[in-house]
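Consider the two complexes below, in which chain A is the common component and chain B and chain C are the respective partners.
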Partner chain A sequence: MKNHHRLGVALFLIPAMAVFAVYFIYPVGFLVYTSVMKWDSITPMEFVGLDNYRRLLGDGVFHKSLLNTLAWGAAAVFLHIPMAIVVAMILSRKIAGWKFFRTVFFIPNLISTLALAMLWQFIYNGEFGLLNELLRSVGLGAWQRNWLGEMHTAFPALIGQWIFYIGFFMVIFMSFISTIDPALYESAQIDGATGLKQEWHITLPLLKPAVSIAVLLALTDTLKNFEAPFLLTNGGPVNQTMVLSLHIYNKMNAYQYGYANTLAVMLIAIGAVMVLLVRLLFREKDV
Partner chain B sequence: MKWSRPVAKLPVYAVIAFFFCVTILPILWIVVGSFKSSAELMSSPFSLPERWHWANYEKAYVTGQLGQLFVNSVFVSLLSVAVCLWFATMAAYAVSRGGKWASAVYVVMTAGIFLPINSLMVPYYLIASHFELLNTRWALITTYTAMGLPLTLLLVYGFVRSVPKEIMESAHMDGAGFYYTYGRILIPLIRPGMATAAIFQFLLCWNEFLYALLLTSDQKVRTLQVGISMFKSQFNADFAAMFAAIVVSVIPIIIIFLLLQKQVIQGLTSGALKG
Partner chain C sequence: MKVNMKVKSKKRSLLLLAVVCAVSLVLQGCVSGESSGRSETGGGEAAGRPVELVFSTHWVGEDGKAGVVQKIVDDFNAQHEGKAKVRIDSIPDDDIYQDKMKTNLATDSLPDIFTFYYNPVESQRYYSSGKLLDLKPYMNDSWAQNMNEDVLSIGRFDDQLLAIPLDQMITPIFYNKSLFEAAGIDTFPQTWDDMIEAAEALKQNGVYAFAMGTGENAWSAMLLYSYIVSSIGGPDVMRNGLDDPAYVQAAELLRQLFAYAPKDAIGATYQQYASHYLNEKAAMIVNGPWMISEFMEKGGEALAAKMGVGTSPAAQNGKGKQGALISGVGWTMAAKKQEDEKRAEYAAKFIEFFTHPGNAKQIFLESGEIFESTNYSIEDGDPIDPISQEILKKLNEAPQTFDYFEGMTSSAVKIEFPAALSGLVLGEYTPEQFVDMLKKANSE
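Let's turn to the complex of A and B:
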């Protein structure tokens, strides 16, 4: 019955393809084209070859935002995902109230990054922030500080306002764990393997495909960071918390459209490299 | 499951308690804080309000024009969900009935999921400006529909594929044409799946901030997210009123989630399994 309706198939694909062409294919081509132009959006574009790319080499803000993106990605892979795995393992053992906790841990993932950023602004505030109040009330008043305003705490604070919202990946891991044959755990139990050993030797290896997907999603999410740095620190102090999206946004607002698009091309390239690396890494391990 | 796996109680509950404290308590604290006066919020942040009062909500509604923002968010989100699902179900059906090139189109479009959408700030601004949509709700509806299309297509196609072949074939035998099969047979069958995809698209539209900031500038067309971000200056750091606005912006999402939790989790799982 396939191929009997060429016209119908084509007609039904047209709307989605049109949207995709206008909002994905054309913009990416446009980015690459304008990345070799000097362009302020008012006077006509001027071809400058690879000048914009050369400018990247000397752009300290770009370097800092690149480093921050990598650090954020590392935090996602080595802290965020492992925490999600541990909590998923615990809740999968059907401890009392596991359904309640699954819902509760997932809820922050439904709330906009903007609303959460507003909340953490209040938590980190140097004058009346919750964190400082908490420290003072337990006798650690000496640790109080303006968490988002100081050079060495601003970036960790930015990571801290997101890293514990593990619900999204936890749900993915839990559904994977639920497909594992319980007989595996039973026989391990008979052989005398403790709960921890069971998780290490049975659950973790079988979770590998889920981990590969989670790493991919977490890394691509890292590239989308904008709201939290924009609202909490605006990249400061002294670009300590700058990320690529915010750098692009600032260049766009400064009417450096050409250079903004060069940065955007870099963002896409980094995303592509990440996807390829993750696919490669997890494929090799499977063999 | 009859057989339950044993757990070391104390450390396990310590971990759960920790995550409970860092994830949900601050959010509950916002809810409580929205019923305090601003002065009380500063002076005794951890206490329950002395008197629960709705003044902050009133202020957010009157000064912050929360009602207008809310209506804009609903309008943008619902229309974008409708258009996105319409295009995606048509495309998914076409891919399931089409040949190799239709499948190739599917692969290319779903690869769009991995494109860092923040990189398209300048092009999306120019596209909206070209179609003279800047500073209208239509700029957001079109942009969000496009942004959500790859994931919606992936989810919907998963459900289309899970429809038993026999049903489609017997429909064909009975003389059901291409278009009739789509509207009268396929759509009713995948309705639960469409609900899942709809929730994800709704979440995207409701919570999106960057493009709402770039493409709209007038209070009349702004959505909740951008509107609330402006409260900071509007209310002169009146946090209590801001909290009230945040609570209002979050409530619809929480209600939808609690009602349709099963579909959300199912969608996450099926989406991830195929990813």
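Let's turn to the complex of A and C:
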């Protein structure tokens, strides 16, 4: 490449690089820098070396929030996305009313998390909740409980309020399926493959790029997860539903900005590892 | 040749365009940086234009003071038309509001005028930040005469006056007289043993004794805990750290009382547990006079007429006296330090106007909240609602006043309290472990 071409390319890259530096490199650099400080955001910072990182080892709430974040990610990968794939496959067969069902599945994505959280508060409420009413009406009154307030049910209930909102990924998968050449299905049909076999041997393998994107998006969403735990349980009871973002928020509110930023560095590191793993996993399988 | 020239000229144009784009982006960044730095403030310093100030408040929407606060702002704007204008920045939730002000303090983006809850630990952060306007030079004689100097002293720091205390936070134990009567309870419990007996009687009658929950900051449960701790350890117990055995004993009693709370108490937010009280499914709630407007709004005069004002029961061998009330300074009002003298002057003028006896009295009459720092007289003909009258009567009769727990501890303890409390109530923590959790948070 000639020198003036290189200069041209460099100049064109400047705006993007400037935005990247201002909105990513600087904040991350600042996080890393302040993660080794004791800082309440008001008085001057005090260098504490790796004390904040050592504190992570003994921070039971961090451990719990990390486990919950990973469990949420696992639920996204092994339940949420497979459900979206199955529904996308069924609706892509253009069954009767498929457009209606596509809209129904997608609608929750258009509603704010706040409104959905309010709705689920009413469903799970231990005093007048719809779920308890339903259980009572079918003779399962003994199963009634304060779903978001008990140690063993709070986290599953929190996952449960989100797991069925598959509309976003369903639409991604449906658009991918629509690009698959119909001739593949026709020839499979001639060879005697049933509908299920066609999905298994044709649709699923060809969906791999979409699955890769979906897994990546779902995992990064999991790491950023804040609104639902904040609004529905505030991390309780006894931190059973604590997630990393909420733990960071709490530490900031307690004026422990140095430690909050240490947690944020961990969040970024975990995100980076997740992205690498997903890319590695799907690259290995792509031939 | 011509073609080459054209190509070169095109390349030059593209390069020029790229440079222009890059420079404009940088300039835009500078401009937006400036504006973002001023995001919490109004503008209007330019000559001839009125000074615009932002007043961030949660006294908006359904809050009992929303109407009168809006009127005060409108009156101020009318009085200073063409010179200054105050704009309300609404944040309709006091918890979220407090969190936002903390973030604004940390990021140096405080609004021109704002409020924060008085707390000996947390207020120091605001005072020592160097970001608050010293109101002392603006306090003229007429303003000073309107204020109660004893209370004003808590806003003083390093020979400056950085905040003006507003309301007196009195939080009695509201109770439903009809539900008490139906359960055969003649008088409000005088001891905690009486309280458990009353709670049992209410339960037998199909009513929860206490409307409280562990969601958000567990407000009503925290206030009930404050009553129990102070009735055992005395009115000064919260000024001596968390080592007093009263904290553990109080935790055990609070755990027992949660057995008489609604089934959704673990995790219940204020809206949820308050609704049990307003729907007359629970007989008691610890809260401030700002709840009076909710009685009127949800149940009208009929519900308001059933409301009784209870005070602290006594603990066996406790240092606190029966009849005591939680009372202390609540919200304080402050202004951001300004570089522009005009802005500083009008911010101070607004605070003076807001705390003027006429306005303070109007707030009291409309919401029941007592402005502690402002001297105003109550006349016989003033339309004071019966619940506010009862609160004032009980306050005058109270042999002691108690602090409230959240107001005497750090933010870290405030955040830990609901988690530790839910563990206590669910049997995950012993009372000793509950207090240890609070101590650990306090030491971080």
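In this section, the second predicted complex is superposed on the first by the 264 of 287 C-alpha atoms of A that agree within 3 Å, B and C clash if a C-alpha of one lies under 4 Å from a C-alpha of the other, contacts with A are read in each partner's own complex, and residues count from 1 in each chain.
Please note the rule applied: contacts are C-beta pairs under 8 Å (C-beta built on N, C-alpha and C of every residue); 3 or more make two chains touch, one makes a residue touch a chain.
If you're wondering where the values come from, they're calculated on a predicted model, not measured in any experiment.
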- [ ] Considering only touches as defined above, state whether A:93 meets chain B (first), chain C (second), both or neither.
- [x] first
- [ ] Could you look at A:204 and tell me whether it touches chain B, chain C, both or neither (first, second, both, neither)?
- [x] neither
TODO: Using the superposition on chain A described above, determine whether A:172 touches chain B (first), chain C (second), both, or neither.
DONE: first
Open item on the list: By the touch definition at the top of the document, which applies to A:70: first (chain B), second (chain C), both, or neither?
Closed with: neither
TODO: Compare chain B and chain C by how many residues of chain A each one touches, and report the one with more.
DONE: B
TODO: For A:213, decide between first (touching chain B), second (touching chain C), both and neither.
DONE: first
Open item on the list: In the overlaid three-chain picture, which partner chain does A:115 touch, first (chain B) or second (chain C), both, or neither?
Closed with: first
- [ ] Kindly classify A:22 by the partners it touches after superposition: chain B alone (first), chain C alone (second), both, or neither?
- [x] both
Task: First, second, both or neither for A:140, with chain B first and chain C second - done: neither
Open item on the list: Between chain B and chain C, whom does A:256 touch in the aligned arrangement: first, second, both, or neither?
Closed with: second
Open item on the list: If I apply the document's touch criterion, which positions on chain A are contacted by chain B in one structure and by chain C in the other?
Closed with: 4, 8, 11-12, 15, 19, 22, 128, 252, 257
Task: Touch list for chain A against partner chain B, complex - done: 1-6, 8-13, 15-17, 19-20, 22-24, 26-28, 30-31, 34, 83, 86-87, 90-91, 93-95, 101, 103-108, 110-115, 118-120, 122-123, 128, 130, 133, 164-168, 171-172, 175, 182, 185-186, 189, 195-196, 198, 210, 213-214, 216-217, 220, 223-224, 226-227, 231, 244-245, 248-249, 252, 257, 260-261, 264-265, 267-268, 270-272, 275
TODO: Show which residues of chain A lie in contact with chain C when the two form their complex.
DONE: 4, 7-8, 11-12, 14-15, 18-19, 22, 40-43, 121, 125-129, 146, 148-151, 154, 233-239, 250, 252-257, 259
TODO: Flag every residue of chain B that touches chain A in the complex, lowest number first.
DONE: 1, 3-8, 12-13, 15-16, 19-20, 22-24, 26-27, 29-30, 42, 45-46, 86-88, 90-91, 93-95, 97-99, 102, 105, 108-109, 112, 114-127, 143, 145-147, 149-150, 153, 168-169, 172, 178-179, 182, 203, 206-207, 209-210, 225, 228-229, 239, 242, 246, 249-250, 253-254, 257-258, 261, 265, 268-269, 272, 275
Open item on the list: Which residues of chain C touch chain A once you look at their complex with the stated criterion?
Closed with: 11, 14-15, 18-19, 21-22, 25-26, 29, 99, 102-103, 105-107, 125, 128-129, 214-216, 262-268, 272, 276, 410-412, 415, 418-419, 422-423, 426, 428-429, 441, 444
